[in-house]
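Dropping the structures in below, format is structure tokens.
Same chain, two partners: subunit A is paired with subunit B first, then with subunit C.
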Partner chain A sequence: MTRWRGIVVPLALLALAEVAFRTGGGTSDSLAPPSRAIAALWAVLTDGSLIVGTAQTLGTMLAGLALGGLGGLAAGIALGFSDLLRRFTFLTIEMLRPIPSVALLPLSLLVFGFGHRMEIAVIAFATFWPSLILTQSAVVQIEPRLIEVARMLRFTRLQIAWKIVLPAAAPRLMTALRLAAGLALVVAVTAEIVSNPQGLGHDLMIAQETLRPERMFAVLFWVGLLGWGKNAALLALERWLFACRGEVDTSIAT
Partner chain B sequence: MSSGSAALEFEAVGLELGGRPIVQSIEFTVGHGEFVCVIGASGCGKTTLLRLLAGLLSPTTGRVRLGGRQVAGPSRDVAFVFQDYGRALLPWRTAAGNVSLALEAVGVPTAERAQRIAPLLAKVGLGDHAEKYPSQLSGGMQQRLQIARCLAQDPTVLLMDEPFGALDAMTRQSLQDEVLRIVAEQRATVLFVTHDLEEALYLGDRVIALYSNPGRMARVLDIPLPRPRNQLTTREHPEFLRLRRELFTVMEEIHA
Partner chain C sequence: MSAFRTVPGWVMGPIMGLAGLAVFIALWHVVTAGGLVSKAFLSSPGATLDALAYGLRKGDFAGQLAATVLRMLNGWLLASIVAIALGSLIGISATARAYLRPTLAFARSLPASAVIPIAISLVGLGPGMVLGVIVFGSVWPTLLATVQGFANVEPRLRDVAQVLRLSRAQFVVKIGLPNAVPDILAGMRLSLTVALILAVIGEMLSGQEGLGSAILLAARAFRAPELYAGIALLGLIGFVSSYGLLLVDRRVTRWRS
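Coming up: the complex of A and B.
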């Protein structure tokens, strides 16, 4: 195991920052040394405030991801199968898709007010498109012979979707999920920074407004850790799901 | 043979795709339990005939009938053995799981599936490979697996599209004998497409030769060779050699 080597650079950077801060002298209202950030992290962890923020951010992120991801999945399967549907919807999709999801924050705030609903709506919008596009392309790439095998066995459309399309597309769908989950976390924190007074993004704003940089670094570090943990969990899920398969799909080894 | 007793029947069948004629004036019947081979150069519409019977294509003119009924779409009485076995198997399912797919289609309860799958795999010589994935099987074994899956749907008609075309000579011969044995046991009707003249003679009760572009009937040959057939004695039979010469001449005419 040589994975410990990865930790060397971050630790060295932290040490460097600490030394620079102490020799540079004095206190600052805009920056804080790592030692104070770590102490602040411990403080917000033990007083429960970070847990509350994390629960709010992760909760809205998961709810938005579930709505947008599953919606995109269903729409992607439908579009992957129907040329007619594709022709009717492509202009609509190409017009809606490029809208930056953050640009919808004011509208969502107007409609839903403060709280988790406005944030979930924007996350769902943001994750719907990559889920739709990647699912559609995964469905289009399914071996047509498999569909013929299913037709010869007279499976219904729903059975074909369940027994052939989903498992055949699963490796690509996992890639789509990883992408959408990353996007969901970005949009969640952005929404909380820009307009929604809850969650980790709001914690960052409070730290800024109360001139407590050590607290800001603590939350920043925590958000980074969450993103890393989320990715590791999804990769583990992917390995667990596909390890039992005989096939090894190296095309998506991202 | 009267149309009432025919397992499958082409009546003045023609098919055009995109304004181009693919097959024309196809007319023949196959009796129950008969093994008929279709032979012709590539592009003669051999596969098209199978796809018309399978209900994957509809004829532009004429009628295609199965057991006296006009084909309107796929039926579970008809099994299709595809040439490209590697693409026809579900790579995420084991050998047993692939056979199970057909049982799921027929509606066999979960509890009964295992006891149905084992003898089917044994029948095609894959008894010890039930838990392997297709990628872990050789080409010949993958094609055996596809045949087992087709047998699982208990078909009355087997459509085989150059099933051994991609296999080496030894594997091909043993699979030919296995298929003959299996269809004799199942009393299934077989329409078998090949471009291998000797394979057609070895397997068939009759051989239908097709002209190319568009596919049309060229010749129908009866193969009165004794059964069970044998890779050595059948292929050395004077009648086999005579038929081989005759069919060879027909094929030369077709290519000319």
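Coming up: the complex of A and C.
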């Protein structure tokens, strides 16, 4: 019943834009009516150029996310277990964490040059911190008796991490993953817009520079769709995995 | 640890934190002094500090720092005003929420930097473009948080408002906004982070004065100490703004606990 209501406003806005454009002259170097943007979306979808850009953006995003996310996970588990280590590193972490990831774009470009690696490095930096912080807090909140049981059973540290910590912290880790994935996509597109000549962000800049606004809007819509779809898919996965536990935290949307 | 047992925790915490930081800087020094990483890529802590001090006293860092901070704050304040006003309008009505929430969620999942090309083709590469993008990007966290805060108003408070025959405007001012304050502040913190990021990106792309364009130029000229000093300053802005708002948050929402 309420589903259709969400689509009314965007459709009305699109119709309004179409009418405004048609009555207001019709040609522009910076704007395009929705009808031409839709045609352009179909064109870039069928000629394969959008697929190439999407593959590049998603590929670097996943690689960066894997690097930063798993790094943060490992570091977060270590810090979650050791009070000593946590106290020792907190100041350093608090100094490094607020550095805006885009500030590292010039540095990454200097070190790696154009290509996948500079983008992956910045994405890894950006996703490392939320992954670290959320993993650490997830580990700290694990029922202490579970750890005691594991110690009684003489589990090794690795076994404790694998058999107790990861399953117990899984719902929170899933939330961390959703957050980090959202960040990774934003940073990937940003890196491509600012400096790295590949992927969807670069497609956007090229469309702008070559005065093809319909193409620009088509790619922009596609980027929005990717972000929205990725978030919806991860939320669905989360609900499906942890529905029985009833502890899915949907308040943190990316 | 047993030797430290007599030292209270609030003394130990900062001491260990500082020790950790000292180890980090020492490692950084060893890596650069030992030539493990080329000096073109990683400047030593000493050289970075020198560049920072020189840039602040005699160079352009002070002006660039001020320009970036002002840009960030201007965009963030504008975005916050728009977000709280719009969020209250949307949040007060369940119907408006049902119609607008999906659109807002979509707009929010759009990387804010992706609208930069559109902004460039609409208004060109000026300071107005950068400000517009900052406002557009940092409006969403606060806007959605405000809507969320209004949606979470205790139903009994709505009943009270009805019994008291409060007008809609009175409801917003007396019940809605005070209830939404914790949500709004959390949203504004997120918005400020976004505003800083977009200010830096905007400066890099448009060449406007600020730390964003400064570090870009430093990297292009292979001046690593200046680059690291600029990154450190940006980290400082992020640190101060995030903690400043956290303190405000604790102050304002103290009555809740």
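Just so we're on the same page, the second predicted complex is superposed on the first by the 239 of 254 C-alpha atoms of A that agree within 3 Å, B and C clash if a C-alpha of one lies under 4 Å from a C-alpha of the other, contacts with A are read in each partner's own complex, and residues count from 1 in each chain.
By our rule, contacts are C-beta pairs under 8 Å (C-beta built on N, C-alpha and C of every residue); 3 or more make two chains touch, one makes a residue touch a chain.
Given the structure is predicted, the values throughout are model-derived calculations rather than measurements.
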Partner chain in contact with A:174 - subunit B first, subunit C second, else both or neither: neither
Partner chain in contact with A:110 - subunit B first, subunit C second, else both or neither: second
Partner chain in contact with A:155 - subunit B first, subunit C second, else both or neither: first
Which of subunit B and subunit C A:164 touches, first, second, both or neither: first
Partner chain(s) touched by A:146 [first = subunit B, second = subunit C, both, neither]: first
First, second, both or neither for A:184, with subunit B first and subunit C second: neither
Winner by number of subunit A residues touched, once subunit B and subunit C are compared: C
First, second, both or neither for A:9, with subunit B first and subunit C second: second
Contact set on subunit A toward subunit C in their complex: 2, 5-10, 29-31, 84, 87-92, 94-96, 98-107, 109-111, 182, 185-186, 189-190, 193-195, 201, 204-205, 207-208, 211, 213, 216-217, 220, 223-224, 227-228, 231, 253-254
Residue numbers on subunit B that touch subunit A, as the complex places them: 54, 56, 74-76, 78-80, 82, 84, 87-88, 90-94, 101-102, 104-105, 132-136, 153
Complex contact set, residues of subunit C against subunit A: 1, 12-14, 16-21, 23-24, 40-41, 98-103, 105-118, 120-122, 144, 193, 196-197, 200-201, 204-205, 211-212, 215-216, 218-220, 222, 224, 227-228, 230-232, 234-235, 237-239, 242
List of subunit A residues in touch with subunit B within their complex: 143, 145-146, 148-149, 151-155, 163-164, 167-168, 170, 245-247
